[in-house]
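Working notes, beginning with the structure itself.
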Amino acid sequence: MNFVTFVLRRLGLAVFVLLGVTVITFTLSHLVSSNPLVAWLGRASGNSQLAAEYVQKYHLNDPLYVQFGYYLNGLLHGDLGFSVFKGEPVSQAMVQTLPFTLQIAFFAILFTLAIGIPLGVMSAKYHHTAVDYGITGFYLAGIASPYFLLALFLLIVFTYTLRLLPSGGALSPGIPAPNPITNFQLIDSLIEGRWSTFLDGLVHLIMPSLALALGIFGYITRVLRASILDVLHANYIRTARAKGVDENTLFFKHALRNASISVVTLASIVVTWLVTGTLFVETIFAYPGIGQYAVQALSNLDYPSLLAITLVFAVIIVLSNLAADILYAVVDPEIRLR
Amino acid sequence: MSHRDSRSRRFLRLFLTGNQARLGVAIVITFFVTALFIATTGWAFLPYDPIRQNVGPVLAPPSLQHLFGTDNLGRDVFSRVVFATPNDLMVSCIVIGSSFMVGIFLGCIAGYWGGILDEVLMRSTDVIFAIPALILAMSIAIILGPGLIHMMYALMIIWWPPYARLARGEALKISQRNFIEAAKTSGISTLTVLRSHIIPNILTPLLAYATLDIGTVVIVYAGLSYLGLSVQPPTPDWGAMVNAYQDYLVSAPWLPLFPAFIIAVVVVGFSLLGNGLRDAVESHSIS
Amino acid sequence: MVESVLEIDELSIDYESSQGTVHALDSVSLTIEPHSLIAVVGESGCGKTSLGLGVIGLLPTPPAKNVRGKVIYKGVNLLELDKEEIRAYRGTEIAMIFQEPITSLNPVYKIGTQIAEAIAVRDSRKRESSKHKENAMKSRDIREEIIASLKMVRIPDAKNVADRYPFELSGGMRQRVMIAMALAQKPSLLIADEPTTALDVTTQAQVLKLMHNLMDEVDTSILLITHDLAVASQVADKIAVMYGGQIVEVAEVNELFSEPLHPYTQGLLSCIPSGTKKKARLKPIQGNVADLREIINRCKFAPRCPFVMDRCWREQPVLQSVNEKHRVACYLHGQ
């Protein structure tokens, strides 16, 4: 099997899984209330005009499997229902909030790798010494912390004690927001050349991303450490030594390259944690992302939003798993060519 | 060491010599004993009634009389935190327990018989894996309504897939070993084969995973509680307390931090226990 | 007399183990001539792998300790060098290949890449020590050398193989690649530690034949470490028999087979199914492998020796020449 076949197979699986997820959200929408309108409109189901429109569009009087068909059709056309408390279609609310969350996710992953990988290498290099135990204690504390603890902790330290970072929001009051070109605040401010907006936006991203990263980097450190120590005993390291290769090249080119393969398998856990964590981190830092949207939808019992968000999260996870699988095949030739 | 030492006794000894394991066991046992006390005697052993207001000055910092201080309604935070112990522990134990059993059941069937049963299992777990546990539990929660038991049900519904996958993988590996062939050809009933041969062998890796997993349930449940989906006020619950006290982060930081910190301690305890168990399993199987 | 490639002089190595100190090598002396293949033969645990690792400086220290004696290579005692200094000898002066070709090649890099690394090491060392400023080898030249080295070990379709990953090759091919990679660095000595043990019998014969033929083509001496006397007999010019961390007999191959002097060697030979005698039973050597933890002043083989005498229990025999092609450490022969 070659690479292309591999990718196609994984793609097929991804599509199947997403289909399964829509089945779940569809089922949930019907369990929410006996009135299927509620799933699409929530509290607006009383609005007779909207109600009539939706009943017609989605054939809500027809048998279930027909409804499912139209449900899928609606999804593919970007119709995710109407959010009452936001007063706009869910898809629109998503377009405005998702980019913010993706910004956090980007920096969170950056921080996770920037902290997790060096610490993993160090704890392998100085294994079974005080450095190793210290690092282990540090990351254990991180992965054991509930989602909100790290956020609160950072808030106390950096905002209220050191007065270094802002307490929340995407931008400081008074800093102009960029025009929504791509809807990504950072990119838009760059495009328009608004440097103060860009920098201010970055500053506001630090703590939310860090709060997420501190909770997850431990997995990378742990796996990398075990993997490096494992690999260093491998026979091919001995061969490379016998060839006269120097220790540095040995470590980075031979050992690390093999050890990093196992890190890729963590992608799934990392993305799941990030996605879940944004609910709490964005609430605590009042960051206008999809996590905050989800929590607001929950307190407002906005079913359409909640179900749509569930779906979107699943899409994010499936896509990142796909990317991780492809990355895994790129990094490990045996997976690719067998 | 007498020769009559059973394998499990030796294993226990091996397990208890690890530092990690000892600390983990200590922490976990402390919490369980506390939970047991609370569950049976209520707040009889606690310094104050966890729900009663104004047992002390409002928003008082930690002191000898109020170990964790008091909150905005004058309630003793220490009593509240301790009183909430059974919630998290009970939910996580029951969820893990049921997932464990469901997982073994489904996994063995899929791994042993293979074929379409296996495919169905694998694909359905794939689908459930695609949705983060907390989000899925949240979605189920809005259908069931808030409450501790409802949260537990929601988590029980969604938590079994990793156990099923693990059990299936192990069952598959073992089914292909020769002694299973021998057992089958000698006419032993399938049920007996499953019961006496397959299940005992898959228990160990599953148990190791379960102990590490308890911590994850605690974190997810605490998150759900924080979002207000579990017990309602004034009943104390760790996650919910953090949310309620969040606004006092600056004026009375002990309020949100103590409950949050306690959650982390429980999870650390289970992690150490799980790590210690896993190390002991590895050393035990090597020797 | 031609100057030898390697002279091992009274090499002793101890290991720290959970049961005390193990004396893996006890005053081993050996000379390796240029352009020759000498085989060191012995049971597992007799110290022969430690010998190989000790020469090339790859002993894991800990648990190895107390390395005493001399290993003279081109006038330098390798044991006196520090880690960086000895690294300079590895690969381009003394190379080593190991037992399991499956795990001895890095799974994530292509064959060609790994051989190129070996060539690059050689090239950079040459440039460092040369007086003129030379340019690094061009990748095209490196590629040519890779193909040439693969062809030298008789690998079919060398160009294709160079672009393959290790897991795509068979065990025999992998071991050939290891040999090619080692020889690409043009070492004066190649240490081969049980290179054919992990291979099936047919492949084993092929690889041995290859090594034998290579002796004519390259200017490298080979130190072959093996537990199998039959394997040694197919390729070696000289054979050294080891027992209990010591060399008990050294002789040119024909001499050893026609006139084995040490009782252990005789025992080993009678273990080889020869197919010439009818109804001959294989005679295994009685007893167990010597315990290397004791320091004893007697012949280590005494408990198992069918010809043991009083003297064998009281003093340790020393390697002495019986004739110019043959040395043995046994009180049965002179001394």
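Each chain carries a letter (A, B and C) given by its place in the written order, and its residues are counted from 1.
We take it that a residue touches a chain if its C-beta (ideal position, glycine included) is under 8 Å from a C-beta of that chain, and two chains touch if they have at least 3 such contacts.
Every value quoted in this text rests on a predicted model; they were computed, and no experiment measured them.
With contact taken as defined at the outset, there is no chain that touches chain A as well as chain B.
Of all chains, the one whose CA centroid is most distant from that of chain A is C. In terms of their C-alpha centroids, the spacing between chain A and chain B amounts to 24 Å. Centre-to-centre spacing of chain B and chain C amounts to 56 Å, using the average Cα coordinate of each chain.
Shown for chain B are the residues that touch two or more other chains, of which there are none. Put simply, chain A touches chain C in their complex at residues 234-236, 238-246, 254, 257-258, 261, 331-334, 337-338.
If you check the complex, the residues on chain A that touch chain B are 13, 16-18, 20-21, 23-25, 28, 31-32, 140-141, 143-149, 152-153, 155-156, 160, 268, 272, 275-276, 279-280, 284, 294-295, 298-299, 301, 303, 306-307, 309-310, 313-314, 317-318, 321. By the touch criterion stated above, chain C contacts chain A in their complex at residues 56, 58, 87-92, 95-98, 100, 103-108, 117-118, 121, 125, 165, 167-168, 178, 181-182, 185.
The touching residues of chain B, when paired with chain A in their complex, are 123-124, 126-127, 129-136, 138-140, 142-143, 215, 218-220, 222-223, 226-229, 239, 242-243, 246, 249-250, 253, 256-257, 260-261, 263-265, 267-268, 271-272.
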